[in-house]
Structures are given as C-alpha cells and as structure tokens.
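Note that the chains are named A, B, C and D in the order they appear, and that numbering of residues resets to 1 at the start of each chain.
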Amino acid sequence: MIDKFSSSIVEALDGLTDGATFLLGGFGAVGQANELIEGVLETGIRDLTVVANNAGYGKVGLARLLKEGRVRKLICSYPRIAGSTVFEELYSAGRLELELVPQGTLAERMRAAGAGIPAFYTPSGAGTLLMEGKETRTFDAQEHVLEEALHGDVALVEAWQADRWGNLTYRAAGRNFNPVCAMAAKLTIVQTQHVCELGELDPEAIVTPGLFVDRIVHIESGDPQG
Amino acid sequence: MIDKFSSSIVEALDGLTDGATFLLGGFGAVGQANELIEGVLETGIRDLTVVANNAGYGKVGLARLLKEGRVRKLICSYPRIAGSTVFEELYSAGRLELELVPQGTLAERMRAAGAGIPAFYTPSGAGTLLMEGKETRTFDAQEHVLEEALHGDVALVEAWQADRWGNLTYRAAGRNFNPVCAMAAKLTIVQTQHVCELGELDPEAIVTPGLFVDRIVHIESGDPQG
Amino acid sequence: MTEITANWKPRSRAQIAARLAMDIPEGWTVNLGIGVPTLVADHVPEGREVIFHAENGILGVGPAPAEGDVNRWLINAGKQHVTLLKGGSYFHHADSFAMIRGRHLDLCVLGAYEVSEKGDLANWARSSDDSAPAVGGAMDLAKGARRLWVAMQHVTREGAPRITKSCSYPLTAAGCVKRIYTDLAVIEVEADGLRVIEMIDGLSFNDLQAQTGAELKRPA
Amino acid sequence: MTEITANWKPRSRAQIAARLAMDIPEGWTVNLGIGVPTLVADHVPEGREVIFHAENGILGVGPAPAEGDVNRWLINAGKQHVTLLKGGSYFHHADSFAMIRGRHLDLCVLGAYEVSEKGDLANWARSSDDSAPAVGGAMDLAKGARRLWVAMQHVTREGAPRITKSCSYPLTAAGCVKRIYTDLAVIEVEADGLRVIEMIDGLSFNDLQAQTGAELKRPA
C-alpha cells in the first residue's frame, strides 16, 4: 500500500546532505514549513542553497537557518526579513551570496523545472541591472530575457490537507509558492496541518496531485504567526 | 455591476471576423463547446485557423465547421475524427492546411501565450520530422526545440459552472484544454452547463479565475455524446 | 529646491489614492503595490465593482478584516491581513504571475522612487549595491500589466523632484508608466513627454514645474 | 519471413499486458498508451497499488465502469469511459504534460510500429506523408517518462519484424525505449544492443532471432 506519511520530522528529513538546494514554499509568514526547516537545522547539514520568496519571516524557520550560518546562497525575490536584521547583517558582511530574481520569474523558473522546460523567455527584468550578462532576444519588438529552470534537491512544503498518496490542498494565501516548489524538487517533503483518508479530498479541488510528493509528516502547527 | 453573461449565443459571438484564430477546448467528445462552435458556423465567418487537440469528434461542432469549409488551417495533435472522414477528405484534397503539434507542446504553447512567455524550449519532438526547420538547442546534453507561444483571437470554452465574474469550474475530464485556451485568447467565450451566484463557488476550487473570461452563455447541453 | 510660497495644500496619501481610484472604471482587474497604492482599494466609489489581485495568489481581495475577525491565512502582497470578496479565488504563484505577465490585469498601481519623462520606473533599489535589495513582483508587474499608474509624493522628503529627465536609481522597467498621481498633480506620460492633466487647487503650473525635474506640458 | 514450425503459442494481447504488469512495482505512477498498453491496468497483481495517469488530465484512473454506470465526463486518453479511484484527481492539459515532460511518471507503456536496436520508437505515422498523421501525446511521453516500455506484437500481420536495426517509419523519439514486451519475448534495450530477458515456453532463441530484425543477445 502506498503510504507517504513519515512518523516524525527526523524520519521525513532522512538522507539530506550538505550542499543541497532547498526550495521553500511560503510568502510572508503564511505557508512556511517552519517545523521542517527547523528540523533541517537539527540535522546539522550546511552549505545550503535556499530558494524562497523571502529570507524568512520573523525569527523562525529560514531566519534561524540563516542566522546559524547554514546557508551559502539565497535565491530570492524579496530578502528583507520583517522584524529581523539577520539577512542584512549576513549579506552586508559578505557571508551570504544572493541571487535576486523577480518574483514571477522565480515562480516560473521552478514551474519550468517541474514541467521539463529547461529555459524560457520572459519580458520581466529586461533592461535592468538584475539581467546583466543574461542572454536576451527580441520577440514582438520587445526585449526578453532567457531564464533557466530552477531545480531543487529538496522542497519543503506546508499543506492544509494531505492523504497517503500525497494529494495536497492548501489554505487561502498559504498556497503561494508551495505547489510550484513541490513540482520542482527531486525530493518533496510536506508538513500538513490535516490528514485525510484516501478519497476524502475532492478530485476537482486537489491542488498538488500526489505524484509530486515523496514524504509527508503531520504537524498541526496552527495559524501563521505574523 | 460586472456581469459577463450574454443572453444568447448570437450575442456571445458578436463581432467575430473572417480569418480569426480560434482556440477550442475539449478532448474527444468531452468538454467541447459544440453549441458555440455551431454558432460560429451560423455567423458565416470563414478562413479560420483552429487550434484544437482533435479535428472534432463525431459529426458535430468542429467536424461541421470543417465540413462546411470554414477552416483554412488546423493546428492540432490528433486530427483523426472518430466516426467521420471529414478531416481526412479535406486534408488529402489539399483543402486544409495542417500544423501537427505534439499534445503537450500544444498545451504548453497556449499556456505560454496566456502567461506572457513568448517562447520556451522543450525536449518533445526533438529529432523528429515534426521539428524540421525549427531552432534547437542543447540543455543537459539533450536536444530541445524552441517553441513559440500560440495566441488566439477567440477561445471557445465549455465549463461546468460559472458565475457573473467569469469564475469557472469544469467536470472531470471536461477540464482538459479548456483552462489553457481560456488563458490564451484575446476574447474568451464560455458556454456553461450551470450558473452560480457570486460566492457560491469555493474559492479554493475555482479552476479558471474570472479575469480570463470575457463572455458567458448558459447552455445546458447535457452529457457529452461520444 | 526652489522655495515655494504655498496657497495650496498637497493631497494627503489617502487623497492621492482617492483621486486615482476615481479613474478606475467598473470591471477592471487591478493589482496594488505597497504604500499609497494599497490605499486605493478603500477609495473605489461606492457601487463600482473593481476586482483586486494580490500577486501572492488572490483575486477578489476585500478590505481589511474587522479586529477580532482576522483570518491569519489571508494576507496580501504587502503581508497585511485582508478579506476575500464573494467571487474571489486562490491560485499559486506561477499562475498568479501568468496573469500578470500574460497581460490579464487592466491596471497595476505602484509606488516609485523616481519616474522619468519617458515613463521609466525606479522603485526597487536605492543603488546598485543596496544593502538590502528587494525586487519582489515589481519588474513583472511593470512589464505585464496592461497599464501602469504610479502613486507617489511629488518630491522627496528633502524636496528633490521624483519626476525627472532620467532615473538615477536602478530601473524597474523602462517606458512602462502611463500616468502619475502625486500629492500635487495628475500627469500623463505621453509619447513626446509629460502632460499635466490636473493640478490641485491653488497650485500654478509654474509652481508645479518648479518641483518637477522634467519639462511639463500644460493641460490640454 | 522464415517458415517456423511452432511448438509454442504466442502470448495473447491480454497475456502480453499481464506479463508487463507483473514488472510494475507498487507505488509507480504509470501512463498507458492505447491498444495493448491500455490492457495493462486490468492485470496489475491483486493488492499491488499502482497509480495510472491519463494525459487528458486524470491521475488515479480506475477500471472501466459497470454497464449502466457510465460517467460520460470521464474518459481516458483513448476516449474510453473509465472510473476514478479514491485518491484520484483532475487537472488541465498543461499541468498534465508538466507531469509527463517534467519526469514525474515512473513509467509509460506505449504501442509501436517499430522499435530499433538503439531503442528508437516509431509509433505515430506510417510515412512522412501519412494521409492522417496523428501524434497525440506520444512524443511528450517518449521523452518525458522516466522509463518507456513498449508492448506490441513481435512481427507485423505480414510476418515482418517490428524490432529492427533502424526504424523505417518516422520516429517518435530516438533511444527512448528501455524494454519491449511482445507476444514472444521480453527484451531489454541495453547500451550495446538488445538482451533477451525471457522467451515464451517452447520458443528457441534461434526461432526468436529469426523473427527479429536486429541481433539479439541471449538471456544473461
């Protein structure tokens, strides 16, 4: 019987290695898999590349991972951390590499990775500092930038509901980057607020079909704090 | 008050012109906006380019439009028509231009059009007859083909439920190409089996948000026949 | 900057937002940036249905919730708690930016550090080595929305013009701004330069020009 | 073709499907092409959970419905009526092919006109000017699935081999086939050629080789 549930965070995070690229769902405080991220901290792995919209929110999750010096490089659209100076301190001190990516390009690069599209052209960012050195091409008389798929070794996702096949739903703005991260990693690990029996989720309303999910752990983390 | 409902097929199809490119949802007999397509036939417009997975199903909808000689070019993945020889006769007689596109590339080209991506690379079809003359490029030691966005002037979509903002749901395999077509056309026209009050559709389960939809007409066409 | 003897009172942030909101027709889908743009939602004239998009995956964003009635899962792009209107929907980030990049938004309203006479926008970094650069969705919105209006103060706190011949800060996108709503005026970016559409009561064209770093054309 | 005195009986279509189904481990996500591949779903060993994907937007495809209990909105890629298992889900075509192209399917089983000794697949057109060419999702599946197995008759109705040195029909994709299940044998496409894994009872290696258009290696 297919059963993707792990009995603990430790089990769900088994096998992670130094140098891995992590894709983190979440936007602001909502939809962050903070317990999994702090579990990564516990594993002791380091030299990580982290892909996330924000550089953490508040002082939990990614903000802690950054503060503990585990992250070598951040690929991010909006790295300022509300209520924290962790990012700015590390970045100013040259202890954190930053690749700043327009938010839509960040999402689309992960979607492309998940969809087997190695590269695509986008108008976003054309003619700006962020695109210096990138290949460009004109379509419809407008400059476009060639952007490559952004793959992860591991995705850490927060879901609202999950079943044993790995089917997921999200809650309101908690959806954000989570379904895109789930598509784009070799190993997708989910923390879910609720566990459902197979067949309980409406097939018309499943957002992430199970084939994108590898491991799930049930964590009732409650409402986002932020 | 925003109200995208038209009172008739004629009203919903107002303003269509010769030479337009139509994107048609549907796969097999399921999710075909047959009543709108036959409405297009009634308008008398011709010289159309039609983008659809199949060249119609049975002898209704697109099969009729083809038979009446209104279509100049078909962009399609699987043009054989079950229970009909319309396509083969026209194509063999040189009276219909055909652009054969792998099914996933067809879907992704429309999704790209809807998402403001002018072109992308895909492995599908690389090294085959269908890609002769197309630009290619190697990523990860594998040949990829550059495919361009496929825009429509008009999309004809069949939905299960719709509200006055144009939010749509579909039914089972009736979803297929419909949400992708809805994204990719300048004018998206929907026939819906059911009409809902605003707020009646679950915000977590709306498949096509209203901003992709221009006009809706209520047609209880019943179950697909095929 | 030039000393100006004022017999006029600049628009408040709320008044800038309200003035801009007047120009949004019924039925438009609109994305609002953080700052003054966010206030636009509160000033859409009664009975006019406008649909607000938040790039973090919401269409049909409603007003801030009543205190004690906050859904902590429901925030806008500025991370403020919001509500969802009837007819609203949720989607993921790639779908959300497909809407933006695919030109499905009628309007985006953004704040700016600077806008040039060509409609160039600078609103994401103070310098090329900003200590905390943060672009968010601004570049996607600037390129993707069918039209981009800016809502901002006409001059900096130090009195320097924000509307200039060219931007000194790193660009968000070139030639994207169609209209500028400030505390002093409404200005259209036309192919051949900046046309004043409206000035606040009591302000002379010369006073406005004096606070603007690019040549203005008089109201038509 | 060589006349063969048979003391063996070729596998039926259902038997080919059943033999292939034996090799699908629990938990795989599998797409089945039309023809013999479709039959695979009916032969997964009891109690082994395998998830079937249909490229028209279904994950968790179940068996054909009982007569009189058909949901006419629920068809597979071959346009046959199917059911949905508990745990099944629906999605649109771009998402469906994202799954395929993005290498999220463990296996795809397709029919073929021909397979070459390099694993080239030809299954979509009989000639470069076929009067009704129809590619469907074959090219996406051939490139996208993590592994591709072919289920087909070993020879054509006329007795000509379908497993050949190179394909005479237009290619679906080069070098994509990993294993071939026919009415006579199971053959692995290895880097240096075709390795026979299994033959049906009573068939000699030489008999099999005689019906194959490329050199076979004996079972290891």
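Heads up, the rule we're going with is that a contact is a pair of C-beta atoms (placed from the backbone, for glycine too) under 8 Å apart; a residue touches a chain by one contact, two chains touch by 3 or more.
Just so it is clear, the model here is predicted, and its values are computed rather than measured.
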item	value
Pair joined by more contacting C-beta pairs (B-C or A-C)	A-C
Inter-chain centre distance, chain A versus chain B - centres from mean C-alpha coordinates, in Å	33
Chain centre separation in whole Å, for chain D relative to chain A (CA means)	36
Separation of chain A from chain C, taking each centre as the mean of its C-alpha atoms, in whole Å	29
Junction residues of chain B - those touching two or more other chains	108, 111, 115-117, 122-123, 170-172, 203-204, 207
Residues of chain C touching at least two other chains	84, 90-91, 94, 97-98, 100-101, 143-144
Chain pairs in mutual contact under the definition given at the outset	A-B, A-C, A-D, B-C, B-D
Chain A residues within the chain D interface of the complex	1-2, 111, 113-117, 163-165, 167, 183, 198-199, 201, 203-204, 206, 209-212
Chain D to chain A touching residues, read off their complex	26-27, 29, 49, 51, 53, 59-60, 84, 86-91, 94, 97-105, 143-144
Chain B residues touching chain A - in the complex, by the definition given at the top	108, 112, 115-123, 139-140, 144, 148, 169-172, 202-205, 207
Residue ranges of chain C touching chain A (in the complex, touch as defined)	54-58, 71-76, 79, 84, 90-94, 96-98, 100-101, 125, 128, 131-140, 143-144, 170-174
Residues of chain A defined as touching chain C within the complex	27-30, 53, 57, 77-80, 82, 87-88, 91-92, 98, 100-108, 110-111, 122-130, 170-180, 207, 223-226
